[in-house]
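Pasting the structures here.
Two complexes follow with subunit A in common, the first pairing it with subunit B and the second with subunit C.
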Partner chain A sequence: MKPQFIGRRSFGLTLSLLLLIALLGSGCMAVIMDFPFQRGIRVKTTMNLVDNPTAPNVPIPNVPNFGDMASLRDDLSGTRTGTDTHVQGTTNQFGHSTYPNAITKADWALHVGPSVSPPCFQNTFVEVVPAAGAIFEFFCNV
Partner chain B sequence: MSKGVSHPLFFVGCMLQILVVSCMNSSPMPVSSEVVLFSTISDTPFRDCICSVETDGSNFQRLLSPKQNRSYLHASGNSLRNVLVVTVEELGPSGQIEVHMYLYHPKDGQWRRLITEEGMEGAGYISPDNSRIAYVFAPASQPKHLRTWIRDLKTDSARKLAGDDNEEGAWDGYLSWRPDGQELVFLRLNLTADGVTSKLMMVSAAGGHSNTILDKPEGIAASCYASDGKRLAILSKSGLEILELESSRRKVIVPLSVLPNVQLVMGSLICSRTQDLIAFSVFNRESKQYELWTVSSDGTALSHIYNQGEKDGKLTVSSFIQK
Partner chain C sequence: MRNYKSATIVTACLVLLGVLFLGSFGRHIWTAFSQEGPAYYSAQMYASYQFNMLDHPTGLLVLPDIQGVNYLYIADTGNHQVRRFKIGFGPLVVVTGTGAPGYVNGSTSVAQFDNPTGLSGTAGLYAYEDPFTHQIRQGTYHNVFISDTKNFVMRKLCSNLGPGPYPPCQTVQTACGSHNFGMVDGPSLSASFAGLAGLSVGGGSNEYYMADAGNHSIREWDGSNVSTYAGNGTPGYSNGYRTSAQFYVPGKMTQDASGNMYIADIENHAIRKIDYAGNVTTLAGAGPTQPGFVNGTGSAAEFTRPTSVAFNSSDNMIYVADSHNNCIRRIDSSGNVTTYAGTGTAGLVNGSLAQAEFSMPSDIAIANGVMYISDTLNNVIRRIDMNTGIVSTYIS
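Up next is the complex of A and B:
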C-alpha cells in the first residue's frame, strides 16, 4: 500500500492546531486581555497626606456624591451603555463610588461632598463620559 | 537524506520542540517559594484584579480577573493553597454596587461571605496562622466609624479592636500582623483643614488600648512587621525606613533621593515572614508607571522587579504569599 501524504490544506491545519496546543501547554503565551465590559462611572475622592508630599492620593471614605446626566454626546465614538441618568452614593473605604449603569457617551454634572466628617465642601464638575466609561478623581476641599 | 526527514510531520515535530524549549527558557526558574500578591485598581469600573509576580518580577499572573458585575479590590493570604480574604466590588440585588469581603479558596474556587452584618466593608488581612481576619469595617449604625475589627474564623465571632476612641471623622486602614499573630499595626487617618494626617498605631490582637508609635508629623504612608517581629518597615516622607521597636531607633534604608520622581502609594508595603525581603510600590511621575521594588531590611539588594503603566491601574502590594 502506498503511503498517503497529508494534503497541503490538512497539513496547514494540523500545524496550526499543534502550535496552538504547544503554546497553551507551555505557558509562554502572553495573555493580553481586554475586558469587554467597560462601562459606567467611578467617582474617586482623594487628598494629600499633610506631612508627606510624596504621598498625594490618600483615598477618602464616606464622601457623599451624586450626578445627573446633562446631555447625550452622539459625536463621541463607540457604543453607548447604561440607562441611569442620575447616580448617588457615598465613597467606600477605597474612596470609590462606582455606578456601572450610568449612561455613557454623555456629559455629566457630578457633585462631590459636602460632608461634615470628614469635612469636604461640595464641588460640582461637568465631565465628558466616553462610551467605555470613566473614572473621575476629586480632591476633597476643606 | 532519509525519507523520514523530509516528511511533513518531522518538520512539525521539530517546530514543536523548538517552541517548547524556547518557552521554557523564557520562564526562569522561580527564585523563591513566595510570590508578591498585589491589586490593580483600574481607571474604569469592573477592571480591578488581583495579580502576582515572582520575587524577581517574572511570571506575572492574574489570579482573580474581573467579571461583568464583579471586580477585586484587595486580597490577603499566606498561601495559595489556603484561604485568601478578598474584597470584592459587585453589583448587588438592588442594582447598586456593594463592597464585600469574602473568604476564597483558590484550590476549589469556593467563595464565602466573611461578614453578614450591614455596614461599610474595607480590606481584610489574614493572620499568620490563618485563624483570624483583621479588617476595616464601619457598622451601619456607625457609618463614620471605620475601625479595625477582628474575626475568629473558628468561632465566627467578631469584635472591634482599638475601640477606645470617639474621633469623629477618623478612619483606620493599611493593617499588618506581627508574625506571631499577637499584635497589629495600622494607620489611623484623619481629614483636617490642611489635608489628611496619619498616625501609626499598634494594638494587641486580643484588643484593648491602642498605642501611637509614630505621630502625625512623620507622614507615614504604610508599615509592616519585619520577619523577626521586632522591627517595622515604614514608608515615610524620608523614604523606606526600619524602626526598631524596642529602642525606637530609625534608619532610612531607601532614601527617596534614590527613587527620584516617585509618589508613594498608601499602604503599599509588605514584609516577607519567611525571608529578609520587603516589597513596595511607587508611582513614577516621569515614566507614568507604577513600579514594584524589593529590598532587604538592611537596604541592600534594592531591585526594581516589575512595572505597569498608569492606564493599567494603580498597583498596591498586599501580601507575600506561598505558592
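Up next is the complex of A and C:
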C-alpha cells in the first residue's frame, strides 16, 4: 500500500507542477507578461484592412523601432519618470514594445518600422511625451 | 491518500491565486494609469508590395470570394498575362499567360494572350467534396473576361479559388471573336473586332459590353451572339440614338444604378452617356478638337484622352482615368467635373490627393471605399483610401 500511496502523491504533485508550468508558459502567462502600459513609452504596431474597416485589427510582431529624447520639457505638469534617453527594440507577439524607463516630460523622435509582413515603410513620430507617458501606434493599412 | 489530495488542492489553489493576483495587478495598474491619461499618437501607413514584375499594367477588376475577401485582377499587358492579388494578404500570382504573346486556349498554365487590356467578370460559388472529411463545402470561382486586344477576341478565364475538381475550371477559352480583324456581328466565334479595350458586365444575365476601340463602337455579347450596341463603325462625335451615334476610340464603360452607361471616349476627349432609352449625349468634355485640363460643367470641362470610367455607388460619382493629364477626375450627375487626385504632372508621388502624381493612369476599379489605379507608365498599381484621401503605391 505504502509504495502505491507515494506513487500517487508523486503523480499528483507532478501533475500539479506540470499544470503550473503549462499555465505560466502558455498563453495565460503570455497575457500576464504583456502588462498594460504603465509609464514611459509604448509602441504599438497594428495591421488594418483598408477595404474592410469593421474587421478586427491584428497586431504586427517583429517591427523594429527606436528613438531618442530630443529635449526635456519642464513646462509640462506632473512628475517626470524614467532615465533612458534612447530606446530600441522590436515589437512582441502583441505588437508592443514597451519602454517604462524612457524619460517623460520630454520631446521624443521615435522611428517605427519598416514592417516586413505586411510591408509598410518606416514612420517617424516627433511628439511630446507627458509625465504619464505616451503610446505611439503605427497602423499598417493593407 | 488524504495528503495526496491536499497537496494537489493546495498546489491548484496556489496556481489559481497566482493567476488572479497577477491579473488583478494588471487591471489595477491599467485603471490607475487610465485616469492619468497617457498621450496617444497614431500614424497611418499604407502597405506597399514590391515585386518589380508588372509591365505596363492596364485593366483592373475586383472580385470577392465566399468570405468577402476581395481579389484584384490585373491585366499585365506588357507581359501578356493576367495576375491576381489577394487584397490585404497577397501574394501576386500569375493566373494565366505564359509571358510570351500568342493565341492559345486551354489550361491557364498554357494559355497565351497578345496584349490583354480590359477586364470584367463575375464571382460564383460551387460545391465540392472535401477530400479529407468528405463533407460538401463551398468554394468560389471567378469568371474573368479579358479583352485580348491584338488577338481581336474576348477570352474567358475560369478560375477556382478553392480546390476542384468541379466545375472544370482553371481554363481559358475564347468567348467571342474569330481572331480576325474586322467588324462582323453574328455568332460568338464568327464575329470580329478591331481592338477591344474596356469591358463591362451588364445588369442582365449574359449581358456583356465591349469597347471595340478600333471600330469606334460598343459591341454587345449575349453569350451566343455579338451585336453592335452603339456607334456606327466610323469615328466621329455625333450624339443621337445609340446605333447612329459616333465615338472616336472608346476606352471603357461603366453603368450607374439606373442603368445608364458612361463611356470614356478617348480621342473625343469626352465622357459620353447612353441613357436607359438608348440616347447618346456628352456628359462632359469639349470634344475632339479641344483636349485640355479644365474643370467645369459639361462641355466647359476638358480632358485629354480619358481611358476609363468607374461609377462609385457610395457617392454617385463617375471617376475618370484622365490618362494624358496624369490624374483622376470625377463627375457628378449634373456633369460638374473636378480633379480628384493628381497634379497633372507625370510622376510617382504618394500622399494627399492634391500632392499625388501619376504617369498615364489607364484604368480604375473601386471596391469598399478603395480605388485601385493602374498607373501604366510607372508600372505600378496605386491605391487611394477614399475615406482618408491618401494615395499610395500598392503593388509594384
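Throughout what follows, the second predicted complex is superposed on the first by the 95 of 142 C-alpha atoms of A that agree within 3 Å, B and C clash if a C-alpha of one lies under 4 Å from a C-alpha of the other, contacts with A are read in each partner's own complex, and residues count from 1 in each chain.
Keep in mind that, in the parts below, a contact is a pair of C-beta atoms (placed from the backbone, for glycine too) under 8 Å apart; a residue touches a chain by one contact, two chains touch by 3 or more.
Bear in mind the structure is a predicted one, so any value in this text is a computation, not a measurement.
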Touched partner set for A:Q93, first subunit B, second subunit C, both or neither: first
Partner chain(s) touched by A:V50 [first = subunit B, second = subunit C, both, neither]: both
First (subunit B), second (subunit C), both or neither touched by A:N101: first
Partner chain(s) touched by A:P61 [first = subunit B, second = subunit C, both, neither]: first
Residues of subunit A that lie at the interface with subunit B and also at the interface with subunit C: 5, 15, 19, 23, 28, 35, 37-39, 42, 49-53, 118-120, 132-135, 140, 142
Complex interface listing, subunit A residues touching subunit B: 5-6, 11, 14-15, 18-19, 22-23, 25-28, 31, 33, 35, 37-42, 47-62, 89-90, 92-94, 96-101, 116-120, 132-135, 140, 142
For the subunit C and subunit A complex, residues of the former touching the latter: 1, 3-5, 7-8, 11-12, 14-15, 19, 22-23, 26-27, 29-30, 33, 36-50, 68, 70, 87-89, 367-370, 383, 385, 387
Touch list for subunit A against partner subunit C, complex: 5, 8-9, 12-13, 15-17, 19-20, 23, 28, 32, 35-39, 42, 49-53, 78, 112-113, 115, 118-121, 123, 125, 127-142
Residues of subunit B defined as touching subunit A within the complex: 7-9, 12, 15-16, 19-20, 22-24, 26-27, 41-47, 62, 65-69, 73-74, 89, 91, 95-97, 99, 120-123, 136, 143-144, 146, 168-169, 171, 173, 189-198, 216-221, 235-237, 256, 262-266
